[in-house]
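Each of the next two complexes has subunit A plus one other chain: subunit B in the first, subunit C in the second.
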Partner chain A sequence: MPKSKKQRQLFYLMPYGLWLLLFVIAPLILLLFQSLTTQNGQFTLHNYALYFSSGTYLLMTFNSVWYALLITIITLVISYPTAYLLNQLKQKQFWLLLVILPTWINLLLKTYAFIGLLSKTGTVNNFMSLFGIVPQQLLFSNWSFLLVAAYIEIPFMILPIFNSLAEINPRLEQASRDLGANRWQTLRRVIMPLSMPGIKAGIQAVFIPSLSLFMITRLIGGNRVITLGTAIEEHFLVTQNWQLGSTIGIILIVAMVITMIFTRDRKHSRKRG
Partner chain B sequence: MRKIITSIMAILVIILILFGAQRYLSSKTGTNVSSDKVLNLYNWGDYIDPALLKKFTKETGYRVSYETFDSNEAMYTKIKQGGTSYDLAVPSDYMIQKMKREKLLLPIDHARLTGIGNYDNRFLNQSFDKNNRYSLPYFWGTLGIIYNDKYVNAKDIQHWDDLWSPQFKNQIMLVDSARDGLAIPLITQNKSVNDKSRADLAAAQAKLRTLMPNIKAIVADEIKMYMAQNEASIAVTYSGEAAEALNNNKHLHYIVPSEGSNLWFDNIVMPKTAKHKAAAYAFLNFISEPKNAAQNAEYIGYATPNKKAVALLPKAIRDDRQFYPNSQTVSHLQVYDDLGQTWTERYNDAFLEFKMTQR
Partner chain C sequence: MQPVKLCAFLVTIDLLIKSEGWELTNISTPIIEFKNVGLSYGDDEVLKNIDLELEAGKFYTLLGPSGSGKTTILNLISGQLTVTHGDILFEGNIINDVPVEKRHMNTVFQDYGLFPNMTVFENVAFGPSIKGMSKKDIKTKVTEMLTLVKLNQYADREITELSGGQRQRVAIARALANDPEVLLLDEPLSALDYKLRKEMQYELREIQQRLGITFVFVTHDQEEALAMSDWIFVMNDGVIQQNGSPEDIYDEPINHFVADFIGESNILDGIMKTDYLVHFTGKDFENVDAGMRPNERVEIVLRPEDLDLTAIENGKLIVTIADQSFRGDYYEITAIDDDGNEWQVQATNKSKIDERVGLTFDPEDIHIMRFNESENDFDARLESYEGEEDAEK
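And now, the complex of A and B:
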């Protein structure tokens, strides 16, 4: 075989390269192109001007970031102790499986299950009525939206944190205790910094999809929470203004890239310092 | 290495040949079904009694290939791209106007129709298709209010303005649609639901905003499920959705305010890609027969525009003022026009801003 190693590598890269080109790069270029044209196909910055001059869209952007942030904080606060405890258990792979299990179920089904739980005649209210509490309005509130969104995202936060905790050499913990650090100091100074990559991966995996949630905002939030996902859906399906829809899509992508940079850069600087 | 490359090239060539052959075949016969005794019907999901399709095949010999869509926009895109050639499709009113304007429809030759006299004149000759050149009505319906008699007295909710009553605080579910949401304040302000004045639209939006304290949620198709589960006491939605909700909860009632509302149509059209015109006309005549239209209306639960079919329906359905409102109310109903791109966006932006109103 006369081919050099480099050529062979290139050949093996081809399927993935093609995939990347067809389903990642080409759509991104199309999206960018659409956002920069009018409906007649002429070049324009009008869509961006419209976006940045509209109070509605800016408020929606703020809403998206704000709720994504809340969802991320809630999942992080629940996930870190959970992942830490899971690591101490004997059958940790089994317990981890239980955490992952809900991701095997379709998102829409899980959402509908929550409607059954939270509705006025639902399981939660029925249970509460045993104690003489009158049925409460649980659906269509910011809280129910946050609850369901956090429930759906939790496995994606637990998994990376669990993996990074599992990789920490248990001797480091023992050494820290030997050298006189108490439990809290060990956690704060040894375990947490070492599991930082997992936390950052978890934040990326939760924050980024949360930015563009849209179905739950209507089904559970009753459109009380309006995010950019709602606007994109509307522009592609109802008004058929794909140009403006693409513009909002591009802005979401930029927001995601910023999140990626933000959660990666700090890791490098920490290593240097 | 060379072997792998040649085999991959061979596979690519085969794929290209197959693709070309498929394109050739489909351009020749029009669809996935190659026989000539076929009718390609493109309709909403579960929007015809399946027994009727069997009966049609038995009577005429045309086999029906039934494909479904779930939104006018999805249907429009597929017909415009022209990959599959449907002989008949069932779009709603404003979409017919749009398709007509973009020359996606074939005119219907009335000389080949046998049952046009069976239709109620009130539902023919609508603004979206004058003289029914391009379409025949299939079903019609309204926008209205569902209420639950366990929580609401019938006398308290008879008109659109009743929705603003303080006693309904945080109790109303509104359908998530810009046209319908804004139609309500427009009607209460004696304006057309197709109003194209910025001042009127702003006034309608302002009035709708004052409804916000009463609104529990703005949702879509889920309304029928929520209402059946007693989640809310009042909802604004279409008659078709209401019919399903009412079936599942006997405390629910549907009302069309007498001062006016939206009148919607799903009409049968012949897309320009139609290949089996004889089959299409055979179906149009088949579904216009009162007996068949009545059977279909009983199965689907929507209101039929076929006057002779209405007479064949059981009395309980025929006299149900919820779904067959009296002629005075019908005369106040308004059909949505296609507003065009600019105004569609203005309506949607106004509704989006309303949804963003803080509660």
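And now, the complex of A and C:
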């Protein structure tokens, strides 16, 4: 065993450090390198120029951001009241477990389950036909895409919000009511600001992965919604244009970093007079 | 008239009324009244048939050990809890179902309950801004309140930057910023160190007298209660054991619990032979109590500070010094009499362990407590023979 404290720390860091190097840092460097070279390995900015001058790619970028934003808003609107309610329950850990449970099931399986539910001969249409409603095409629409994406992301939004709400001293709610605020004012002026770190963490956990969704866009959205994730998959697997695929990847990473910066927890940011 | 001006005008009137001591409400109506109030959780009776009346402008204390129901009463007044039976009245109107935010009272919580995401200023401004006061009025109000608690230099500080004592002051300023008619204080000083606590006791009393509003103060610290209050309610087991001025409660405890809880006490069994003659430790003593059955079994209370050590021949009882400890301004002495009773004595002079000395006290230092006497019976009995005494004079 190494002796000094610093050596020991390095020793413990080694397994993950190696992992980081091989599977995160090295691929990132390769990605950056590829996006800046031609197929023959010469330096070029052509890929970026192509990306920014093409209406298709910009539209895809806009689509990615737009749908990620919609998914985030939908999950937030559903998750915040749910997390708030969960916190009031007596067996809250049990109910929370039920919310988290679906995340233990493979994403692909859940997606296929939704195909079963939403297809023309699926459960939903069967049920509707009981009321004499003719089977509708529910799959391969923007709405079904948003529905499934939100369903999958909701636990990742609920969990951080729930945790930040659970940390709030119940006395503060009492104090707010005592000072004349009704339930809604208390929620808006005390509870919500104090749960902001959870909301931000939830937005990070939902918005960033949603930027690069591609499997759900294909299986549920029927490729009607083309996002950056789909574009990357196309370039690497179909058209074999790894250079452009890398470029889009880099742009996606930049977008994620920007999101991180906007949603980071800014403690002690208030300036004192 | 513009709404802002009207508001400022009303505030002025409000201040005038306060500063001139004008009374708009009928003086005879209590500001808060409990009529046969009870609170239960399932079979657990936390509060049993409480009756009480609070007059406007007084400093009241609810005193008792933890679990006695004192904080429950406070939470019923503030509206955080709802009665199981009985009525709570505010200025003569039943307020059982009025929600917390609509009651004209505010609370200083034990752990202060300050909003950690807001500055000192924003905390104090919370109530006024909920009420919809203009920015200018809010600033005036907050400045006034922070000056009152001597924190006007700290308006822009974060709560986390304040000491415990300063947080305490912010909590008081925040509660008072709503111009409550009743201020409820839930053991607000218990987290402070001794010296700071003494200071705050004095300041709270001063604030109460300056504003002239009703304070309801909850504490388990009898010293605090005696020092600050106009009127004390001693609570135990969800029942008011005794209520009265600090002097009344200290000098005439109604039962064993009150005698034991308020101050130090020597409590002995005895027999009230006739009026003004009590028997304990095998001897008869003259005293000043009356109105009991002949030879009724009673309990006797003698306060340690009323006892004196003297020469054996001058003593009413002879005791042996068993232990003593120095308390700064006096010696706390434990002595044993010949019957084996233990006596706590506060003496100014040092004694020798195992020394035999005389113990002496005056007839009026002997307080008699009957078993299971209610407060009403107690008061009636006191009145009956004190009346006689006055007539004799």
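In this section, the second predicted complex is superposed on the first by the 261 of 273 C-alpha atoms of A that agree within 3 Å, B and C clash if a C-alpha of one lies under 4 Å from a C-alpha of the other, contacts with A are read in each partner's own complex, and residues count from 1 in each chain.
Just so we're on the same page, contacts are C-beta pairs under 8 Å (C-beta built on N, C-alpha and C of every residue); 3 or more make two chains touch, one makes a residue touch a chain.
On a predicted model such as this, the values are computed, not experimentally measured, just so you know.
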Superposed partners subunit B and subunit C on subunit A - clash or fit: fit
Residue contacts on subunit A - larger count, subunit B or subunit C: B
First (subunit B), second (subunit C), both or neither touched by A:Q39: first
Which of subunit B and subunit C A:A150 touches, first, second, both or neither: neither
Touching partner for A:I203 - first (subunit B), second (subunit C), both, neither: neither
Touching partner for A:L139 - first (subunit B), second (subunit C), both, neither: first
First (subunit B), second (subunit C), both or neither touched by A:V190: second
Vertex subunit A, arms to subunit B and subunit C (CA centres, degrees, nearest 10): 160
Which of subunit B and subunit C A:I74 touches, first, second, both or neither: neither
Which of subunit B and subunit C A:G222 touches, first, second, both or neither: first
Three-chain overlay, closest Cα atoms of subunit B and subunit C, distance in Å: 42
Subunit A positions touched by subunit B in one structure and by subunit C in the second: none
Interfacial residue positions of subunit C with respect to subunit A in the complex: 78, 80, 99-102, 106-107, 109, 111, 113-117, 119, 126-127, 130-131, 156-158, 174-175, 178
Of subunit A, residues touching subunit B in the complex: 1, 3, 8, 11, 39, 56, 59-60, 115, 119-121, 137, 139-140, 218-219, 222-224, 226, 231, 234, 237-241
Complex interface listing, subunit A residues touching subunit C: 169, 171-172, 174-182, 185, 189-190, 193-194, 270, 272-273
Residue ranges of subunit B touching subunit A (in the complex, touch as defined): 1, 71, 73, 170, 173, 176, 178, 216-220, 222, 225-226, 229-231, 341, 344-345, 348-349, 352-353, 355-356, 359
